[in-house]
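Got a structure here, written out as structure tokens. Questions coming.
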Amino acid sequence: MDKLVPLPSLGFIPERDLGSTPILDIHHLGVEFGGLHAVDDFNLIIGRTEIAGLIGPNGAGKTTVFNLLTNVYTPTRGVVLLDGVDIRGKSTAQLNRMGIARTFQNIRLFKDLSVEDNVRIGLHNAFEYSLGSALFRLPSYWKNERLAHDTALGLLSIFDMQSLADKPAGSLPYGAQRRLEIVRALATKPKLLLLDEPAAGMNPSETGELMENIRRIRDTFEIAILLIEHDMNLVMGICEGIAVLNYGRIIAKGTQEQIKSNPVVIEAYLGRRGEAKA
Amino acid sequence: MLEVQNINVFYGNIQAIRDISFSVEDGEIVTLIGANGAGKSTILKSISGLLRSKTGDITFDGKSIKGTAPHKIVAQGLAHVPEGRRVFLQMTVEENLDMGAFTAPRATFEDSIANVYERFPRLKERRRQIAGTLSGGEQQMLAMGRGLMSQPKLMMLDEPSMGLAPILVEQIFDIIQELNRAGTTILLVEQNAQMALSIANRGYVLETGQIVFHAPSSELLTNDAVQKAYLGG
Amino acid sequence: AAPAAIVADQAASGETIKVGILGPHTGDYAVYGLAVKNGAQLYIDEVNKAGGINGKQIETIVYDNKGDSTEAITAFTRMVDEGITALIGDVLTGNTIAVVGEANPINMPMITASATAAAVTYNADTDTVYTNVFRTCFIDPFQGEKMAQYAAEKLNAKTAAVLTMTGDDYSVGLADAFKAKCAEVGISVVADEGYSKGDVDFKAQLTNILAATPDVVFCPNYYQDDGMIVTQARELGLTSAFLGGDGWAGVSAYASAEDLEGSYFCSAYAPGSTDAVKAFEAAYTAAYGADTLNMFAATAYDAAKVLVAALTKAEASGTAAGSDEYKQAVIDAIKTEGPSVVGITSETGYTFDDHNNPIKSAVIMTLTGGVETFKEMY
Amino acid sequence: MSVYTTILRQIINGLQSGSIYALVALGYSMVYGIITLLNFAHGDIIMIGAYIAWLSMAKLSMHPAFAILSAILGCTLLGMLIEKAAYKPLRGSPRISLLITAIGVSFLLENLSQMVFGAKAQVIPSFSNIPSIFLGTIELSGTAVITLIAAAVSMLLLTFLVQKTKMGKAMRAVSEDTDAAQLMGININRTISFTFAIGSALAGIGAVLYCSAYPQATPTMGSMLGLKAFVAAVLGGIGSIPGAMIGGFAIGLAESLVSAIGLSVWRDGVVFAILIIVLLVKPTGILGRPMREKV
Amino acid sequence: MKQAYKKIPMPVRYAINTLLFAAFLIIGVSLIQSGAISKYFTKVLMLIGINIILAVSLNIATGYLGQLPLGHAGFMAVGAYTAAIFMTRSGLDPSVSFPIGLVLGALSAGIFGILIGIPALRLKGDYLAIITLGFGEIIRVVLLNIDSVLGFKLTYGAASLKSIPKETTFLNTFLCVGIACLLIHTMMKSRHGRAVLSIRENEIAAESCGINITYYKVLGFTASAVFAGLAGALYAGYLGILNPSSFGFMKSIEILVMVVLGGMGSMVGSVLSATVLTAIPELLRAFSEYRMIVYSLLLITVMIFKPSGLMGQYDFSLSRILEKVFNRKPTRDTTNHKAGDKNG
């Protein structure tokens, strides 16, 4: 087996306990689509409560990495350890139960269901009771349903969305839908939260707010967050470590400062103005 | 060139647009900014005919286009690059671009497509790929490229920079300016208000379906309230 | 509930005798249901014109069941609620059995003109006869057996093939009886093929039959299908004689004279054979057109005739219409009056056996020069 | 007769009935391909075509050529009328509502024609005597040959239409995203109307060929035919033009071969079992494009 | 701003609904026994009940799970034949064998649901439709051809399975309706039901919420089959005779029409449209041959003017109406929450 990249590679905040094993440990991950190496030899380690950023040009393979981590696509190569456990061969649902939750670049809400039900579906495995208890309304049904209701509203309150609980998710404005997706992902009690362009379609002030919330989520739930984003304000604002992907390969890894000033990154991704701003 | 007068638009019985009027002059870049759900996309959809306004009038190039079928409006030289890309997922990149040129004269097709490929080399690389498997940003480029193919007089862009890498965002804004210099009028909806205002002549600020503010961009850029609400200042 | 016209008609006497007519008037089997409806109505109209029964008009309550047993039951129950004294119907075997399940407990007299399965009047599991149920048509086993016998005796057949519409009780019933009889009379069944309702291409099955080179092919289906089957068989080069049941009546319009030449089928009556038949056919055509003029129109006409005779007798008995005694009187009268009713399809009257099936001999029809002609009584 | 000729004959039987299924399935697939509507009334349009042929020849004693033309024309117009009256008002509604409407239209056509034309099967005079072709000792009827050719030509023309012409492009765009298609300047109403016209014209051709092979018209003849064609279209990969052809032939062949091995009473069951197995192995039909959804 | 809208507590709601339903049954039964409701009307009511169960059961697979099965009549057939064979063969008194038959009918249909669901649910959309249609047809063909098995008369094929005790009554039909609706309701308003709904809404998202979609698809499909089997068993006891041709493709379509017309995913809609669609042909009897024309025109018209069905996705609830009455002035926050205005 390949040698582990020394830990913490991306954990840049020594005062926080990142744990002895990283939450996510990816080795030589790769996938091909008909000859196209969408992700190639991808290695990354993420600490237990770290906020990490994955950036790179369009079509670099960022979303594909998420899809590999959630087994929407099956990797052709590589090993992924979640909290020290090999996740090969696990289904998307199993991976979720093991602690990986995500949002989608193209929002995938349960549009016709209410906001609360969206979150409650996220809570599916958190408050379990058997089909029998449901059918015959046994006490465990009542207890868990009440807990689920309270928890759902509690989670919605992170984004101040309790008042929308009864609305159909599809009728929410774009930005609210993105936030709801995050809440739903959180409801599954993840150890690692994957956010795919959470700020897309938000204006700068909304983005600023989102940034605060992401940080708060990490602090309250003590989870690791890996996010993809093209909004450099957000990435540079909260990511403790950043990996840059291009043509499926990592071209740079490091802190904000290192990335901002990396000429390869500027050339491939940030561009002149981006450099100036950053 | 485009004159919108007192339109009111509903989704079922929810009113999304309340009595909005504005205009875009020939050769201008005008931008609409506003929070999520303010009704920006709804306005564009009403102009291109996908939605109907209950009242008021919309004139384009001197002719009323209210109630006209969308395909006729497009044929008059008004292109709409919709929100959320809306590329034809089962078609290849090239077929998508071909669709963009549906109303354009056949003779200019080769030039137009070469032009698009030049601006977005990634699309050229992926010309045979099924659009549905493109990455988000690639689809966004395709949507923009497809809009360019029709060589419109007025182009309405709904969040063209969404999901694009910073380097491409710059490019997109460059392209918009270039198009504008070449004579295309632009109506731009953007979340990246900073950049939108920096290239626009004028801007309208939208809140819950109403225009609350209208000024030249330079003024908007320095306005405190706008700064706070939309520029993250 | 009574249509306005009839109400006006009977205004004088003030009372009517209600008779139900039930069958599929829409859907796949409409052609039989409509024939039964029209045939029965034709006779009842004649009776009404002649003054009705004891001055009472006969009012028909006609309901469509789409060929669906569920609808048959609801429609029948509704008729009962509306006060029918007897039923002509149902038309399809399965529907009729379903209706019998409702009619038997209330001892409602019913005569079917077309339900041919033995089980319509007799429950083999419990060995009981449904005494309230009669019919004016053949039963399946009778036809199947007759044709097997006929093939052996008159056509000297040694081998036979069978082509049935699987899922159709009539077709399967005839075929089963035919096959059973074949074993007895020394015919070996060399091919046993099936098709589904709605099929129009039978070449695959016919190719198998062709390969088995049978002397005769027994095809106990309905005439449209049979016409197409014969045509396709000849196309493939199958020269065997075709045999069928009463469902064949009318087949001559559906295949060429050449192709049909030398086929045989049994029937309850021979179209155009006697003056009575001719008169019936003329009257029917005048009233309803020739579209649905098939054998069941004739058996329905007879059913109505038997029923009217029985009703007349029952009316005379003086019991109140709809009472249990009245119903029993009708049932008894069907048995006693039947033999004197000379119908279109039974010149010798309707005598019923102990399973309430009419005792009549089969007419063997043959096709010559494209015409369905009477061959012999058998 | 040798086993060999029996088998050969059965294959030919299968191809003959298969070619009719194929032709009908093409019309199905065509309409499905554009508005993803399972047009349950398609079989009934064929039924009307058959009655038009019957009316014009048996009742109006028209020349067969005119009868053929009027059947095709009649079907085309009927298809367009149905689209305008029953389907157009449902644009943008859930697909399943459209499906139910189509079922309603199918019921309506069946019951109307029973009222108008009667419940009895009508015999359709033959259009002409097309000489048969002999393959060795086996006779292949002329209509079968023509049906085969018609199916193949229709397939090629349709493929060309959809792939190469401007209308074809419009059709494909409409099928994917009507709003986006409109923004390309495509007149969706005209495109859909055109699609129905083509699909119904195919139904008309199907009616004529069907009638020359099976010369009877009944009000319910369309439902079984429509169902089989639907199965054929799905088996081939619904929406795919060559798929419809392959599916049609596959169903025809399966039917006759199942009968050939002596299972004719089980035929529908066995044919469906084959269908199920094929779909389990290839979940989008033989030529259907897998619906990939990028996440 | 939350709160304020007083909800009737769950147990109270259940009590209200149970009482109302019991009242309905008692009134129904006494009206029938007193003869105020005619036999015909009673029959129609029973049919309505059976059709309601069919519609609400298909609604699980179609409305809630979002699939398009076209073989629902097959499950009904399995239930009907199982119950009928048991009742005619067990030698038990009908009053004993009928309830057992109902349970057996439902269970056997459920087993078929699992067996068919596992392979069929791997397919999507119209391919699923056709594969279920295929299974439905196979069930029908098998019932036709297994007339007798090893000398034991089983289904009697085309000759029909006869002499089934007619044990179905208004009371037991509507008890079954009540049980079916209640169980479907309690299933759907639980985490299991929500999991089923999430699959309809977005399969990929459902999976990434940790929902075992295969399990829940099969669960939904099986539940759908179970109640179809129950309806089939009632049908057997209603009709007294079974023929495989009653369970063809058109029967499946008929049930589908009920579900869609009622509004996909609305149980009340299914109940309503099953009632209306059963009643309409009966009401139209006077039109005789024209009634199917009128019926199909009605169908088309309703779809055109109400494309999402009579009830849409709306589920009527009596207690919700009561709540409205008790809360004359709902103080719910209805204004759209805007992130923008807070910062302005």
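We call the chains A, B, C, D and E, going by the order they appear; numbering starts again at 1 in every chain.
FYI, a contact is a pair of C-beta atoms (placed from the backbone, for glycine too) under 8 Å apart; a residue touches a chain by one contact, two chains touch by 3 or more.
Worth saying up front: this structure is predicted, and the values here are computed from it rather than measured.
> Over the chains that touch one another, what is the least number of steps taking chain B to chain C?
So the least number of steps between the two chains is 2.
> How short can a path of touching chains from chain C to chain D be, counted in steps?
Minimum step count, chain C to chain D: 1.
> Going by the touch criterion at the top, tell me which pair is linked by more C-beta contacts: D-E or A-D.
Top pair by contacting C-beta pairs is D-E.
> Could you state the distance in Å from the CA-based centre of chain B to that of chain E?
That pair's centroid distance is 48 Å.
> Where the centres are mean C-alpha positions, what is the separation of chain C from chain E, in Å?
Between these chains, centre-to-centre, one finds 38 Å.
> Rounded to the nearest whole Å, what is the centre-to-centre distance of chain A and chain B, using the mean of the C-alpha atoms as each centre?
Centre-to-centre distance between chain A and chain B: 30 Å.
> What's the distance between the Cα centroids of chain B and chain D, rounded to whole Å?
43
> At least two partner chains per residue is the criterion; list those residues in chain A.
63, 72, 104, 106, 173, 175-176, 203, 205-206
> Where in chain E do residues touch two or more of the other chains?
Residues 144-145, 204, 289, 292, 336, 339-340, 343 of chain E touch two or more partner chains.
> Going by the touch rule set out above, which residues of chain B reach two or more other chains?
Within chain B, the residues that touch at least two other chains are 35-37, 133-134, 228-230.
> Which residues of chain A touch chain E in the complex?
These residues of chain A touch chain E: 70, 72, 91-93, 96-97, 101-102, 104, 108-113, 117, 120-125, 127-129, 131, 134-137, 141-142, 144-145, 148, 153, 160-164, 166, 173, 175-176, 184-185, 187-188, 203, 205-206, 209.
> Taking the complex as given, what residues does chain A use to touch chain D?
63, 67, 72, 104, 106
> Report the residues of chain E in contact with chain A in the complex, numbered from low to high.
1-2, 10, 14, 183, 186-187, 190-195, 197-198, 201-202, 204-213, 219, 313, 332-333, 336-337, 339-340, 343
> Touching residues of chain B toward chain D in the complex: what are they?
48-50, 69-72, 74-75, 79-80, 82, 86-91, 95, 98-100, 102-103, 130, 132-134, 146, 150
> Over in the complex, which chain E residues touch chain C? Could you list them?
Within the complex, chain E contacts chain C at residues 38-41, 43-44, 47, 88, 144-145, 157-160, 162-163, 166, 235, 238-241, 243-246, 281-282, 285, 288-289, 291-292.
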